[in-house]
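Note that subunit A is present in both complexes that follow, paired respectively with subunit B and with subunit C.
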Partner chain A sequence: MADRIPVGTLRSIVQLVRLLGLYARMDVMWIARARSTAVTFYLAEWVLGFGIVASTWLLAERFDGIGPWSRAQVVFLLGYSLLVRGVVDMLFGWNVAHISRRIGRGQLDHMLLQPVPLWVLVLAEGFSPLSGSGLALSGGVVLWLSGEGLGVFTPALFVLNLLASVAIVIGFSYAWASLAFLAPRAAEEINSSTMDLIDQVRAFPLDGLGPGLLGVLLSVVPIGYVAWLPARSLLGLTDSPWLVWLTPLAAIGIVSIGLSIFGRGMRHYRATGSTRYLALGHRR
Partner chain B sequence: MQPDRRDISRSDIAVELIGVHKRYRQRQRADSLRGLIGQLRKPEFRIVEALRGIDLSVRRGEIVAYAGPNGAGKSTTIKLLSSLLAPDEGRVRCLGADPVRDRRQYVGRIGAVFGQRTELWWDHPIRASFEWKRVVWDIAPQRYTRALDELTELLDLAELMSTTARELSLGQRMRADLALSLLHEPELVLLDEPTLGLDVLARRRILAFLARVNRDHGTTVIVTSHDMAELEQLAGRIVMIHRGEIAFDGDWSSLRRDVNRHRVLTLETDGARAPAIEGAQHRQSAGNRHEYVFDAGAIGLAVLLDRAACQCEIIDVETHRPPIDEVVADLYERWQRGGTAD
Partner chain C sequence: MLGLEWRQWRSTAWLSASAHLGDSRLFVFDYAIRALRVAVLVSIWTMLIGDDPDSSPLPLPALLTYTIVAEAFAHAIHLQTGLANAFWNGSLVNYFLRPAGVVRQFAAESAGHAVFDFMLFSLPLLLVAACLGIDVVPESLESGLLFGLSLLLSLAVGLAIEFIAGAIAMVSEQPIWLIENVRRALSRLLSGAVLPLAILPFGLGDVLEWLPFAATAWAPLAIYTGIEGGTRLIALQLGWAVVLWPLALGLWHWNREKVVAYGG
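Now for the complex of A and B:
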């Protein structure tokens, strides 16, 4: 197997592992620099996590479920959506998920001056297992509170769908972030908008929407894959058991499109560079 | 065995730019509502020629000052050499590599410092930034320890190691940034305005440090700055760029000779009245001291002194060249009027 992988790729993977270790250590140092910082930070993350899921949870409590979803299944959906967002924060923190900020502020130069492939930096630089884990922990607790899952799906399928949902969020973000290559100032915050859009819609059961709107939410604006479809298929609420593979397949497509658009943006950046530079936000 | 980088006798070129062109498209903004609406339909662009066929080569171990007025193309050149930009036409080769195509390997062999930016981790102690560098650049432990010890001593960083970057003064931060950029012992160092905003003492320390790194390790240094006196102190060669073209490439004395042959002559005489000396222009007098300016290429000092001695008794004589900043200011002024360096 190993002899089929090119040496350069193998070296990059080794480099990725080393960098993940480095950023994990730096994250521990950052969060542990003062006890008050750590406490405040986690408290804020828990409040934020509760705020994101509160409205849907209250609706589910009031009506004992939403549509075909029981109360416990709605809580599972909320936990899953929170976990996706938490994993995004944990793996792609420090404006790696919000890459439009780095592009728009001219901070991509800092990445290009490192002797590391860009894809390795994207996968490593935002790794913050402690400071980024607040929402992921909240998501885990909400999932546990739902009481759903055991015996319904295999953990491997759950993890696969979870990672696919995370990849879709990143692919979608990077596709839109590419606008910042063309208009650095105007599109600097476009990833805030894409993340807000995902945050606002992902925690709602999308059943009952017309096929047109649902089609949009499963293609052009692929928020349906962030929580609704994977949670639905994992809980066995779909007609076909094969739908549990749809989110991973969609992830391959959306990440490919995102990378292709981002690659074009990078070629543009190589030709024009950045005329802006703001120091804010590329170093924790 | 590693080649001795101080040996530059074998056509050992560190940087080579051949016929490099770089153009930017600059969007033109209308100043009326009608114009704005028209531009929404059909945007207007102006092509800015940042570099117009630059040819430049730098030997290994050289320190080259790269200067020019604002917008001349200095930063574009540094970005091309740092792998951050690709040329539109022409060829860029640095350390035998194509900076953009071979980016990963190439940037591992260079150090880059941009005066307004920092590579230090803002909320971490300086030592953590150095450790970050060690891992990302994959520096061998022995080499890392040796380089860190040397840089800590030369740049007097020992007391700053546990301080976070956000708590450092500008001068301290720049010293730490310089150390960070040199920790992997790069073969080529690119410095874009490295002393911007620093006080005299901090500048002097950094200049002395760069000179020592060049001397001890044979590191090639390309440095841009608006402070000509600073560049003259550091670099043996000055390349001046104007409107995207190299307007001067040579040593400092040639620059002075070609651009400004004026000398200042101060005479102390026995009287308060300044003697009128043919071939020299009287600038000012203070008591018995009289200051003149003359063209050293047109008339000799001895002739002027003879002419002055006919009119009064000369007690003391001083002559000096104008400061390099004045020479370069003259040159920029000439460029603005449409002339060239020669």
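Now for the complex of A and C:
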């Protein structure tokens, strides 16, 4: 099997594994540097997680469910939604998910200078198994509290949908972040807006939306795949069991589009470089 | 003296509003996000209450008005100055060097943004909502006038909370974005900006309306929609403004030397 993988790719994979270990160690050192830091950080994450899901949960309690969703199913949706956000935080922390900040601030150069392929750094630099785990843990607890298990399908399908939702968040984020190649200052915080959009809509059942708006949320702005559609299909609330494969399929399409747009941005960046980077490290 | 202060305030607000347009035309993206959020909330209210009006303590038209007005005045009821950003990028020191009060500068900047947003986003939102049949005018003339007063008090309380959060970042020596995330999460949940407090289960609304967060959103919105009378809510807002401002100014006065820790 190993002979079929090109030597360069194999070397990159080895580098990736080493870097993941390195970033995990640094993350432990960062969070454990003082007890107050760790306590404040986890408390803040839990408050944030509760803030993301509380409105929908309170609505479900008040109205004994939301539309076709029972209370337990709404809790499952919220747990899934938090878990997606938590996995994004764990694997793509430190502004790797908010890549527009790195591009806009000229910090992408810090990555390009390293003798490692960019994709390896994207997969390694945001790895924060401790500092990024607050929301993932909350999501796990909320899922457990829902009493719905991992849905009506196999655990493998749950994991596949979860990873697909994470990939969709990142693909969407990178597609928009590419604007920062063209307008570094104006688009530096564009990923704050994309993430805000996802955070504010992810935890709501979208069943009541009209077909036009729902179409937008399942195509141009693919928030429907971040929690609503996968949770709905995993719980067996859809008409066809085959819809459980829709989120993974959408992930392939959205990540491909995101990578293609990002690649075009990179080609532009190779010609222009960063207009905001200064030798002393501060941005204009 | 007052004339000079007013000119400073007005110029800062104008600079802030024009910078908003000049620095980043991508604010349109933020408007799209806000419009989408409103559409989702409106559809959820309609789905929940449309078929069964008795299921809710508040009628559907009042909830829709509440949602639209909350978004139209989001700048005031979710008051966010540039304080956190100034902490983060070290530009806070510039505010201390200028010949104007620090609080006044942040308030003026925020007002500039708010006016700009109101013209470009809130007015069109109110117009579109009205065209779609959502009643966006205040419950009565008295409600409208009291809403104006309540909104001013909401700004006063929101600004005090903003500066207390900044002071907590100074005192605790924790990253400002951590404190800011917590403040935003708590504010969104406890203020009644997303869900009216009267609709919360377990009697939570009766407790939350006594907290300062409710003075920023629930009070003006409940007055506007006629869900509650104004006198008690305005008295509560006034009380919180009187309590929080000395606290905010005191915390800043006692801890301002720690600001240098965040410079650079």
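As a convention for this text, the second predicted complex is superposed on the first by the 275 of 284 C-alpha atoms of A that agree within 3 Å, B and C clash if a C-alpha of one lies under 4 Å from a C-alpha of the other, contacts with A are read in each partner's own complex, and residues count from 1 in each chain.
What we mean here is this: a residue touches a chain if its C-beta (ideal position, glycine included) is under 8 Å from a C-beta of that chain, and two chains touch if they have at least 3 such contacts.
This one's a predicted model, so the numbers in the text were calculated from it and none came from an experiment.
When the shared chain is aligned, subunit B comes close enough to touch A:P117, but subunit C does not. Of the two partner chains, neither subunit B nor subunit C is touched by A:R35. In the superposed model, A:R270 lies in contact with subunit B only, and not with subunit C.
In the superposition on chain A, A:G208 contacts subunit C only, with no contact to subunit B. Comparing subunit B with subunit C, more residues of subunit A are touched by C.
In the superposition on chain A, A:R18 makes contact with subunit B only, not with subunit C.
In the superposition on chain A, A:L59 contacts subunit C only, with no contact to subunit B.
Contact with subunit C, but none with subunit B, is seen for A:V221 once the two complexes are overlaid on the shared chain. For subunit B in complex with subunit A, the touching residues are 24-25, 76, 79, 82-86, 88, 100, 103-108, 112, 116-124, 128, 131-132, 135-138, 165. The part of subunit C that touches subunit A in the complex is made up of residues 23-26, 29-30, 33, 36-37, 39-41, 43-44, 46-48, 55-56, 172, 174, 178-179, 181-182, 184-186, 188-189, 194-195, 199-202, 204. For subunit A in complex with subunit C, the touching residues are 36-37, 40-41, 43-44, 47-48, 50-52, 54-55, 58-59, 61-63, 66-67, 179, 183, 185-187, 189-190, 193, 196-197, 200-201, 204-210, 213, 221. Across the complex, subunit A meets subunit B through its residues 15, 18-19, 22, 26, 29-30, 33, 109-110, 112-117, 270-273, 277, 279, 283-284.
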